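Notes for the one structure printed next.
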Amino acid sequence: MDTGRLEQTALVLTNVRLSPVAVLLELRLPEMAAAARPGQFVMLANRRSYLRRPLAICGVNHDRRSLSVAMEAKGAGTRDLMELAHGDRITVLGPLGRGWRFSDFDAVIAVGGGTGVYALPTLLEAAQAARQNTICVLGFRERSRLVLEDRFRAAADTLLLVSELGGLDVTGNVLDGLRALDPRLLQRHAPERTLVACCGPAPMMRAVADWAAQQGFACQVSLEERMACGFGVCRTCACRVRTDDGWTYERVCHEGPVFDAADVIWEEDGDACEA
Amino acid sequence: MDTGRLEQTALVLTNVRLSPVAVLLELRLPEMAAAARPGQFVMLANRRSYLRRPLAICGVNHDRRSLSVAMEAKGAGTRDLMELAHGDRITVLGPLGRGWRFSDFDAVIAVGGGTGVYALPTLLEAAQAARQNTICVLGFRERSRLVLEDRFRAAADTLLLVSELGGLDVTGNVLDGLRALDPRLLQRHAPERTLVACCGPAPMMRAVADWAAQQGFACQVSLEERMACGFGVCRTCACRVRTDDGWTYERVCHEGPVFDAADVIWEEDGDACEA
Amino acid sequence: MLAKPDLTTAVAGLTLPNPIIPASGCAGYGREFARHFELRLLGGLAAKALSLEPRRGNPPPRVAEAASGMLNAVGLQNPGWDLWVRDELPWMLEQGVTLIQNIVGHQVDDYVELARRLDTTAVDVIEINLSCPNVADGMSFGAEPAGVETVTAAVRAVTSKPLWVKLTPQTASIAATAAAAARAGADAVSLINTIPAMVIDVESRRPVLRNNTGGLSGPAIRPVALRMVNEVYRSVAIPIVGIGGIETVEDVVAFLLAGASAVQIGTAALIHPTRPVDLVSDLADWCRDHGVARVSDLIGALELW
Amino acid sequence: MLAKPDLTTAVAGLTLPNPIIPASGCAGYGREFARHFELRLLGGLAAKALSLEPRRGNPPPRVAEAASGMLNAVGLQNPGWDLWVRDELPWMLEQGVTLIQNIVGHQVDDYVELARRLDTTAVDVIEINLSCPNVADGMSFGAEPAGVETVTAAVRAVTSKPLWVKLTPQTASIAATAAAAARAGADAVSLINTIPAMVIDVESRRPVLRNNTGGLSGPAIRPVALRMVNEVYRSVAIPIVGIGGIETVEDVVAFLLAGASAVQIGTAALIHPTRPVDLVSDLADWCRDHGVARVSDLIGALELW
């Protein structure tokens, strides 16, 4: 039996704007902060929606016994969460899911796009603390959307910022960014000792997984799917995963959100294998 | 066609505690404040309930273009309203219903109990402004529940405070209060030129109406009933009213909330006339 | 600047200026709304249920609060034919709004007699409310296809006016009851009526409503209504008037996409009195923003997976 | 200090330690809850639907947000009999909780075969889910009394275990389907299952759910469920397990008053994982505060007007 209760009441400590479209909420949650592992997520109640909203754990501060989540406005739920202010209280489920499996690697290449970048800082920080080589490639639509630059710069030995509209290190998509990395950087370790950890829109994750496969790197992706419970009971958060004899639906919230890219059957492939 | 829109957005100006169990909210509502008549009410949206909540207009401040409502916590709706603070905004329907018809009288005896007292200050103030003789008898459970004493004292030529548990002018119920009034006060005007205006729990209103009838006074009562719309379309707020050939259901929100007591068929009488 | 979108919609040959209609029982006979906006701006007005004899309705409380909705048990209070003809009809006809008169009865003959009389008036549409309990078996006329077919055919025989049959969701298959209405000659089906429900006050151990049960309406029932509209749209060739929990312009569009040719606004109009007329302009804006030239292009445009 | 209230309740001879049961599909096979509280504290556990063959379930999205509720279209994903017997049943039996196994089928024979096999296990109760579409006519087995009677009687013939029949609200008369279950030998009826519903994304013009439709659950359906429980309680002599939107102890009490002998907690447990076990202690407190010595005294104690 877990010691901590899955459902906790969080005090909102701060609400900081990260970009014109994103905010970071710091929540006092002592037990969850202590238990959280990189790549896990939380489910946040809000005042406008019936279901909770899943958000990656973007940071943990042990001194302040807090964890933080970052988000962009999508619909009513995120809009409401973004309005929370110091002193407000919300209930949270967490920490949830199975995060990044990074301990067996010498190098971690974290690749993120859009709101997917928020799943990466805790990974890079943990990998750095474990003396792994850390490389990070992040894609933003435009320069003004760049977030958490200081934290990424501190945690990544190499940080490459990519923007579709220009104004950052590389103009293009994250794949252009990966291709722009110094090849020597990528060859410092045996390919199977290098993990590509990717979170972002599905087409991006698929392309990055293909690139990783070409390089002989291991690759993990953090998937998103609509969730009712977030802790494994309802089976709504289905994603197709390869099995020995075909495929099955696994739970993004429970077996994931981080999956080995090789196991994932992407939507386009998936249509082919529908019953 | 009415000029003002029935639905307005109000800015909460103040939230003042009147007693350990009651608060007064002052709402900036220029058009409603200008249009409101004594005995009318408003319907207030809140964040916890689907339907609005009906509350008597307890005061109007033309300089501040505001009106005020006062309430006690009953369920989720009133509890939420009582938490509103300066700067909050809520939407309000009003002014609603047909209020007190007091202009044809020389004296007004306002009788209130419980939250019913909030329907009386605007009546007493208007009657006083019209140079009518104003008498007021208010019942509270205990001394600590006494509210708005200054306003009642200012607007009533005679104010008698009654408490069930003692500590005020008379110990007992409002009927004991009425009986304790100096008979000469009641006889200054022709009985048919005296209006008893009563708002409170139904049994109290019924008893007061009987007393008024004995004295030969006119009597009006302000009824409460569960309401969906408050402006007359849904027919949910039914109360039994005598007609020439029997009785009919009228709308508390539209034909009322103030009815001639003689027309009202009280619940106990009502059971007898059920179809 | 984009051209003004065409909001007109046709329901079985009857063209409405736009698809927004206050729902029966949530608009009275239009007088209260008319104090705040011109009724002719609406697609139509579904007037409160009318019965042959006056009905006092149920004793109060007649309303109970529910999660994202409410229960009502008004009991079809109405003045009855004679007073309606004298006091309400002339006024309604003056308003220049398409007039949809909802009717109720305890037995088939009640519906027939009302329809026969309405046929001689200038009312535009007869909407028959089949949620009423049938005196014969206590179940509503709308619960089974046979009941729907009987009442619809009987009414159809006495009127050439557009006939809308309003269905109850409390049935095994809304497609089957809608098909029954179509077979019997209905011009359209209005769906859905409220869902029978109960709220209990645990302190007094009594139902909140004096009538014990009442009809659930509001956003709580919206996904059920939307599914029923689409179910009927896909299986029965009859125009649909969509009803149930519609609050916003997105809700209106969702019902049109699902297959409704027009929609009715009930509970939302009780809470926001000008919502019906506001939705007319919201819909024009939505169409403009989305490059939709004709509202009718939205009808049934849902793409199923 | 008042005595500890007696929370036990009997459902057709089977005594449960208290009336609180996580609902089928909202508790998996109990493993996830068991990480946070002991299952034996519950009145029972209604395990996720089981079919003969494994079912992958529907493609995602499988959940959509609704006003005061949600839609799900999981598609009865489950490992099928063989893996269930091997991987889930032994673990569940170790938990010391009354085990209610929910079963589903595409045809009557599926239910019968499952019941026959379950009869040989130590499962405490068989709950048959009649909301599944019948391969023969596409309607759910539970939509009409005849379908309910056929499945129930066939299952009854092969098992002597307590048999609960879970009814769908999408029917003309829940009293009629409950009566059919009673006639065919059911020990209790569980009601209600979700209400078929649809949510549409107006931007993409598609249903949110990949399955197009899904079942509405949560507080939105609570007043409908409560009415159905009371309707059955008043007209059919069969114990009732009440389900639908139960969130708080007041909701639990309302269902008991309406006539339920026990209740199931579905959606609320998805949002508040310890809610089922919290409700057990809340119910003890409520009884103490209200001077109720035995929970069973509340059953059917509603006073109608």
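Note that the chains take the letters A, B, C and D in the order they are written out, and that residue 1 is the start of every chain.
Going forward, a contact is a pair of C-beta atoms (placed from the backbone, for glycine too) under 8 Å apart; a residue touches a chain by one contact, two chains touch by 3 or more.
This one's a predicted model, so the numbers in the text were calculated from it and none came from an experiment.
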Where chain A and chain C overlap in contact partners, by chain label: D
Distance-maximising chain from chain D - centres being C-alpha averages: B
Separation of chain B from chain D, taking each centre as the mean of its C-alpha atoms, in whole Å: 48
Distance from chain D to chain C - Cα centre to Cα centre, in angstrom: 33
Distance between the centres, which are taken as Cα means, of chain B and chain A, whole angstrom: 58
Chain B and chain C, separation of their C-alpha mean positions in angstrom: 36
For chain C, residues contacting two or more additional chains: 64, 66-69, 218-219
Where chain B touches two or more other chains, by residue: none
Graph class of chain-chain contacts, one of line, ring, star, complete, other: line
Chain pairs that touch, as defined at the top of this document: A-D, B-C, C-D
Chain B-touching residues of chain C, taken from the complex the two chains share: 25-28, 31-38, 48, 56-70, 72, 74, 77, 218-219, 267, 269-274
Touch list for chain C against partner chain D, complex: 64, 66-69, 71, 139, 143-144, 170-173, 195-200, 202, 204-207, 209-213, 216, 218-224, 226-227, 230, 245, 250, 253-254, 257-258, 301-305
In the complex, chain B residues that touch chain C: 1-2, 5-7, 45, 49-52, 91, 93, 225-229, 231-239, 248-249, 254, 270, 274-275
